[in-house]
Amino acid sequence: MPFVTIQITREGSTPGADAATADEKAQLIHGVSKLLLDVLGKPMDATFVVIDEVETENWGWGGLPVEQFRARRRAG
Amino acid sequence: MPFVTIQITREGSTPGADAATADEKAQLIHGVSKLLLDVLGKPMDATFVVIDEVETENWGWGGLPVEQFRARRRAG
Amino acid sequence: MPFVTIQITREGSTPGADAATADEKAQLIHGVSKLLLDVLGKPMDATFVVIDEVETENWGWGGLPVEQFRARRRAG
Amino acid sequence: MPFVTIQITREGSTPGADAATADEKAQLIHGVSKLLLDVLGKPMDATFVVIDEVETENWGWGGLPVEQFRARRRAG
Amino acid sequence: MPFVTIQITREGSTPGADAATADEKAQLIHGVSKLLLDVLGKPMDATFVVIDEVETENWGWGGLPVEQFRARRRAG
Amino acid sequence: MPFVTIQITREGSTPGADAATADEKAQLIHGVSKLLLDVLGKPMDATFVVIDEVETENWGWGGLPVEQFRARRRAG
């Protein structure tokens, strides 16, 4: 009966993608449900997963919107 | 001063609807606020409710995106 | 497959109680699950509810910890 | 390593705006990260912030969708 | 920069344990961080995980506190 | 009507303290409520804040419980 929330920025991880793909989301859902089965013995049918995609301008890190934070890090 | 979050999939519950309607949302908001008044005596003006609609491809159950999980159940 | 989170302060609503009772929690769980069945047709077996009890010193309203906020309101 | 979630309605606070602007979001991210540094000594690079914008029809207050609640208050 | 919340009931999965053990929690943290690296290429150092343990009387399923729901299922 | 959740580890930031103090929590509540007033014009009486203190063994970073992660970082 676990409930897992995965919050990620809405952006692609592969060339041409501008968000996680349906297949990547399915892998996240399966992977974390399997993990709860393996570690705590929770039946997969009793686990809910929600993936929450957050616009990059709504995600902050280091006191900055995340894209500015990354640019600052790259600039070193 | 309660805060209630209702997470549901973004899909309709009536023919032709592809999401909860404004009227259904208003019923959820009223119903849960009334429940907190009845059970715990919380004034309705002190209760916030947020309805979070989640795309079906972002909701997992049984290790699968929920529409695949439902199809598997129907196929029994 | 809805997921409902009810956040309340940890305090009693009846004389002598210092928190919601098990019976009050059971009423909240039943009431909100029934509401989702009535309004959106969600089977009760597919609804999870979590009640999150928050210490009053961890709950803010009006820029103050909630007990100070209430005292200020009562003082008018 | 704090994680801050700011839930607001999706609506503008200035004439012509129908949502918080990128600049307002950046101010929220910076302000709350700075607050955690000042009060608890948390390094800004270790703080994540997520701004969750909620449609007004999905936000309830006083048992009503928030725009109806505000209209009722204005009407006195 | 993902943020993962794992909500589970506070109860043991092995004889004699009345809650997830520190080792089980460490496995959950490692497993889900690794999953986000494998599926989306997110660096493990950029992933936060929070495990939220919920008292069984605060977790509802099927309109009942979860232990009553399980008892009803076992009774079939 | 904003709702702010501040998740922090349960540990002190000053010598002898093993958690955020009531005064530090009051400063967080006031600071973030004031920020929403200043940036978005939200009345302070319409802002709720919840501070969620998480045990360090329940907080993961870098694929490890946070205290192990910090020890690894210190060890360089």
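Read from first to last, the chains carry the letters A, B, C, D, E and F; within each, the first residue is number 1.
Here is the rule we use: contacts are C-beta pairs under 8 Å (C-beta built on N, C-alpha and C of every residue); 3 or more make two chains touch, one makes a residue touch a chain.
The structure presented is a predicted model; accordingly, all values stated were derived computationally and were not measured.
Enquirer: Touching both chain B and chain C, which chains are there?
Expert: A, F
Enquirer: Provide the C-alpha centroid distance between chain E and chain F, rounded to the nearest whole angstrom.
Expert: Once rounded, the distance between the two centres reads 22 Å.
Enquirer: Please list all residues of chain E that touch 2 or more other chains.
Expert: 1, 3-4, 7, 28, 32, 48, 50, 59, 61
Enquirer: Name the shape of the chain contact graph, picking from line, ring, star, complete and other.
Expert: Graph shape here is other: it fits none of the named patterns.
Enquirer: For this structure, enumerate the chain pairs that meet the touch criterion.
Expert: Per the contact definition above, the touching pairs are A-B, A-C, A-D, A-E, B-C, B-D, B-F, C-E, C-F, D-E, D-F, E-F.
Enquirer: Give the list of chain D residues in touch with chain A in this complex.
Expert: Residues of chain D touching chain A: 4, 22, 25-26, 28-30, 32-34, 44-45, 47-53.
Enquirer: Can you list the residues on chain B that touch chain A in the complex?
Expert: Contacts found on chain B: 7, 54, 57-65, 68.
Enquirer: For chain A, which residues are in contact with chain E within the complex?
Expert: Listed in rising order, the residues are 1-9, 13, 20, 24, 27-28, 31-32, 35-36, 38-42, 59, 61, 66.
Enquirer: Across the complex, what residues on chain D touch chain E?
Expert: 1, 3, 48, 50
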